[in-house]
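Each in structure tokens, the structures are laid out below.
Shared between the two complexes below is chain A, which pairs with chain B and chain C, respectively.
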Partner chain A sequence: MTTIPERTTATPAPAPQAGFRADRGQVWRWILDLIPTLLTPFAGIAAAFGIVILILTWQGADPRLALDFLYQGTLASAAERADLVSYWMPLAIAAFGLVLTYTAGLWNIGVEGQIIAGAIGATWAARLFAEGEGWRAGIAPLSHGWVLLLSFVFAAAAGGLWALLAAVLKTRGGVNEIFGGVALNFIIQTFNMYLVSNGGPWQPVGSRATETAAFPEVARLTPFGDFRHLSLTPVYITTVAFVILLLIMYVSRWGLQLRAMGKNLRSAFLLGVHTERNVLAAMMLCGMLAGLAGAFRVMGPYVTRAKLTANPSGGIGFLAILIVLLAGMSALLTPFVSFAFAVLSKGAQKVESGFQWSDPPVNLDRSLVRVLQSTIVLMVVLAFGVRNRFFPPRSAQPVTDDDDEVART
Partner chain B sequence: MQVELHNISKTFGRVRANQDITLSFQPGRIYAILGENGAGKSTLMKIMSGYQQPDSGSIVVDGQPVTLKSPTDAIAHGIGMLYQDPLDFPPFTVLENFIAGRPGGFLPDMDEARATLLSLAERFNFPLDPDRYLDMLTIGERQQLEILRLLSLNVRVLILDEPTTGISAAQKSALFSVLKSLARDEGMTIILVSHKLEDVMELCDEAYVLRRGRYVGCKEIPCGIGDLVALMFGKEVARQDRPQVKVGEPVLKLDNVCLTSRRLAVQNVSLTIRAGEVIGLAGLDGSGQAEFIRSCAGLLTPDRGTIKLNSLDLTRASYHQVAKSGVAFLPAGRLEEGLISGMTLVQHFALTLPTRKPWVNWMQAWQTTEQRIRAFNVKGRPNSPIQTLSGGNQQRFALSLLPERLKVLLLEHPTRGLDVESALYIWEQLLQRRADGTAIVFISAELDEIVAYSDRILVFSGGRVTLVEDPAEMNTARLGELIGGKMAS
Partner chain C sequence: MIGLESTLSGIVRAAAPIVIAAQGELITERSGVINLSLDGSIMLSAMTAHAVTRTTGSLTQGVLAAMAVGAAMAFVVVFSSIALRLNQVAVGFVLTILGADLAIFLGKPHFNQVGREIPHMPIPVLKDIPLIGPVLFNHNILIYISLILVVAVTFYIYRTRAGLTLRAIGEHPEAAFVRGTPVNTLRHVYTLVGGALVGLAGATYSLSVKLGWREDLAGEGWIALAIVIFGLWIPARVALGALLIAGLRSIAIDLQSSKVLDLPAQIVNMLPWFLMILTLMVATSGVLERVVRFTPERLQPAVRRFLRAGPPAALGVPFEKH
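After this line comes the complex of A and B, so read on.
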């Protein structure tokens, strides 16, 4: 309110002194309002950590030691940090896509399947343009840059189409995107398994591992410096995606339309928003970003990671859902929340192995981190629920005065 | 058993559903509670049957004030309610449903219950098989079962909410004869909640009428159907003097339009609406007005007939195409349809301001918002979330959102829930648009509003349409007859 300068108008402003005082009061109220809003998530996070500390203590593991292992496994060395970034990028870009759909009220559970579709798309591009399969079909071998570009295009197209399918099922078939997404997740997971297992078409002949052969170097991302697992290409792409997301959410009319749809689809339609078109577009854009996340996950750069495995997404789609919920669908917060979640996920491995070799050894499962991540989301959402129940923000309270009387003046 | 309601009031948020209602129900009589949608009759009956608690006021049963905390509580005091949609368990049998809610603990006495059910069914001549599953029964049979269940719980006051919706004519006459005998022979009190006037005429001894949450009067039946309508819709007021507006060229032309919706069919409507004309749509709720106005807005495609705007055929046009060609629609439920709860006023303008640019011009949106809310007297700041405004302000804001130049403006209940001042203000705005050549079509449940502002009136009754060319010659009784179902002679 106060950030907008007062404009001079032809009609005299009513009682400027009184108006000024009211404004100052409003700023004060606004600040008072902000305090619980800022404190609430921390209360939730603290509660979640409290629960996990209890579990750790109950298992006989020292929580401080766990924190140390977490640090060792993620941020302590340059190699670990590089690895962390390569885990963070696909997670973040998938979450960016979800910001769009969740803002529009589309609960795109199918994001996990869209990531897998992207991974399959990228693998297909690698096979077509970098391996013998394409050459036999008459496609000339392409340069590194072209293969990468085509891999990303294929991945985005596959993810986008898989999401579009869920969207069309929703708008034309009346299938809720949650149910459609769950079903499509199963289908694409099964298809992925078919490709890489039991003599599937993409499993190397004679191999018993449920994965494709490693991609040739021309289909792998360029490693950054000495880091085997880090490439800067995903970092660039994710950064560009973030800027575009910010423009959509905070500058464009389309972002405003998505917000309106998320709050009241019917009213948005009646106010002139092309809701069906927007549902399709938001879902497809989300699917394309998820597809890119899938590509990042299968394209290396190191040879051990440049392949389509039985589980190419590693569950980051579901993790991205938690991230967007925790970030309250805020585009600005999403990179930070996804970073925190990347640290937790990545560090879990070290926590598990660390306690195995500690004295005395403690058997912890790395899935404890998933418990922590989910508990954080639950607790933060719960904290906001409690806040809204008992201390409703002023902005949500009705203007309590004789406002209908204004008509007389 | 005598039941009295003393000064019952109930509010939901800003809505005053019941205001200071005092009624008395005597044994042996059949009462009707009449009123349009939103008049407060359902709320009042829910309070009486223990489903909701009043904010203030008391319920007195046989001289003793009682507090009804739940429907079970109300049944214990002898008050039972039959809901519009039977509240039963379709996967269970008739007998199992009959037992549900009866005292009898964890292991009810099935044989005793079966005997009770059969004897009751025989007494009232309801052919109910105790072992049939409920989902194979008709609505009417389920209703019969529910009545027997309530009677077996010794209910002395029976409230029925729209009991004749969805049952056959034979079931209806069976129901009515049972209700009559319960009142005459057993001295029970029967309360019928309905807006079907023919049912009320056939069954009831006395009608209590509610309007806008208040009790407005009672009529002994038989009486003229027009008198009841007059009570329900409010007294006719003298037609106000308005600046004479020259009615212009025809804009919207409906030719033999037939509409079907889930509830009813509207047959063969032909109407030519001219620029600057005000058309009022009158009728009891659900008589076809909503379907008519929605088909003009492009939200309901007619089965047959054509809708033309000037020479443009809009019969099968989408809502957005219709809106683009200069027809605006303002639905009744402001926060459900039309405005977006959780968004601020300036966001609403940013969303609706016509522009081809892909980004939002917040400066322009802010200036427009400030200017329009000043012009429309909306009490609220540009950054107030819309839901924090009062109903009158929301409605004024919804009007301010409309494009400035319109050919046709379609409104559903433009002043519902508003106080007199706000309603007058809304009409000032509408008449100003009319002076600019906009044709206005509006639905209202207030007869005086329709008579006061319309150039012509379209009366809907069960999907049939009667056009009243000159409202000045209309009196409330005549209009009431039309609304009640008598065709124009």
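After this line comes the complex of A and C, so read on.
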């Protein structure tokens, strides 16, 4: 009996050519696939901006004026740009660490606490090894270079150990990951308060302010040129961290293992990936980077910022989580998204004061910018959800066999 | 009231919002959905309750508005999880930040303004019982709700058929689905109910515990979330955890006001978290099983059930029909 052919004979598709040359059809499909992927985040961002523009006009503020104030507060003058960079660096380096943990499928909500731990570590190093302007070195006074180096080492170690604690609680203690992060955040925030509040050991005698004394010059970062608030050291460190992150994510095998763990932990384990060790390592590395961010926050270079306060991080940890959610797992995008968020955060104050002094004065709180930041992330996440659900990328669709198969009889 | 009674009464009063929020989140998590937006939800609904009460003059509308806000936040989480298949933790986290920011931004005109208070409603006869009278029966309606809620939720989950279904969709939704349970619909419903309760907790904050709207509500939602995990998803234990936290805070406040140093107060502030971590570690290790073996034979199943640890098995996992 003749078998019924499964499909009508048609012109067979050309066999794939040898080498890397894909046929035109494939390239065209690849481009078509890319468009929704690129459009989706823009759709989300546009939606978020739309909402904020509505809020602005509802409050009686001109959106173009708001944009102008934002620009003035961040990019208009060299001094503002320098200040922006010094705000950008801790945010970016914390985000780099989070890219590692997010890729591995971990939720490092404790990053805020790790930044604080780093700030405490750097302050401790200053207390031990710096001398001058009323500071006595706890152990021995050292030169500027050594103090800076030890501050960074202490900060990275503190952040790394705090993250390791959260990781061990998760893997060995069976403590829920999110709960461990939240709990450790609260614990170290309280510890920080203890150190700098009234009667605390690090508060200078006779002061009622909840902060340490300002670091002496030997413990502060060196300012760059005339810019009081900008130091190049964090820029160098963050750039090195970025390069290392790119190497890990795109070149090394470890990055591939982390990605595998992120997609399916159990499968990765069965395939031979040392999941527990990788969880500990990724968390610890993230904590070290977060610790460095904390160090950048308390080491100045200008005297008014070179101290440990009650809130050394200022929400940078949570902002970094938002950044990583927005950038997806793309390590390449992270510094740029961090820059955008740094611009928004830093410009917020100028927007508020600008509108207060405008004519007629509009009472626009700076928290609107934070609303914008979180709305952007929410809208983009939702946009990706809508896209994946209703317009799935071709690679996710079930394979149809009309294009590539030669007809059979 | 005598010192101890007034202290205990204050603890019950301060713990009420956490109890309500934690019970709401417990219901949501028992159905298999994590609503991580608690912190932002509570802040936003507290602000809403305060603002609406001020503008309309009606306490009821304020409370209802707060519950609606809580339900709306929860709706975004569950909708994006089920319809859009997004990660619940990611959406919840973004919402928590957004909720907090929205609360601060929209609440500016109502910031530091005098708020209204829920009327005090002591129960006439019961409140005179020595010790437990003033502690349990001398409050306002929202606090009574928090007490009743614990009993009601326990009864619902463990003694009704609907409660069994709730547990089923949280533990093994596939099995429930095969038996005809509309898993996703119920998850929507329970998450909205949980969200409404979280909104109620926010209203309790601004209308009862800390009148008016101030920014220092940040962090309460995380505590409620932690207490649900700490109480291992059992309503009575979650309530005990909330009372423990409130009790430790009350001690911390006493220490702070009586001494110059903040030192002991800060350590006491850290204690609840240390205790919770320790408890979780012990609970999930094998130690408890040995403790159970020490109890008399007949009691062992009950003790084992009381000490059981573990989240609902399908928590956070979206259910997809094949």
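The rule we apply is simple: the second predicted complex is superposed on the first by the 369 of 409 C-alpha atoms of A that agree within 3 Å, B and C clash if a C-alpha of one lies under 4 Å from a C-alpha of the other, contacts with A are read in each partner's own complex, and residues count from 1 in each chain.
Criterion: a contact is a pair of C-beta atoms (placed from the backbone, for glycine too) under 8 Å apart; a residue touches a chain by one contact, two chains touch by 3 or more.
Everything numeric in this text was worked out from a predicted model, so none of it was measured.
When the two complexes are overlaid on their common chain A, residue A:L232 makes contact with neither chain B nor chain C.
Judged by the touch definition given at the top, the superposed model places A:L75 against neither chain B nor chain C.
When the shared chain is aligned, chain B comes close enough to touch A:V273, but chain C does not. Shared-chain residue A:F318: touches chain C; no touch with chain B. In the superposed pair of complexes, A:W254 makes contact with chain B only, with no contact to chain C. In the overlay built on the shared chain, the residue A:N264 is in contact with chain B alone; chain C does not reach it. Of the two partner chains placed around the shared chain by superposition, chain C is the only one that A:A183 touches, whereas chain B remains out of contact. Which of chain B and chain C touches more residues of chain A: that partner is C. Common to the chain B and chain C interfaces on chain A is no residue. Residues 13-14, 319-320, 323, 329, 331, 335-343, 347-348, 350-352, 355, 357-360, 366-367, 370, 374, 377-381, 383-385, 387-393, 396, 401, 418-419, 421-422, 424-425 of chain B are the ones touching chain A in the complex. Per the touch definition, chain C reaches chain A in the complex via residues 36, 80, 83-86, 89-91, 93-95, 97-98, 101-102, 104-105, 108, 219, 222, 225-226, 229-230, 260-263, 266-267, 269-270, 273-274, 276-277, 280-281, 283-285, 311. Taken in their complex, chain A has these residues touching chain C: 107, 109, 169, 173-176, 178-180, 182-184, 186-187, 190-191, 193-194, 197-200, 318, 321-322, 325, 363, 365, 367-368, 370-371, 373-375, 377-378, 381-382, 384-386, 388-389. Listing the residues of chain A that touch chain B in their complex gives 1, 4, 7, 11, 251-254, 256-257, 259-260, 263-264, 266-274, 395-399, 403-409.
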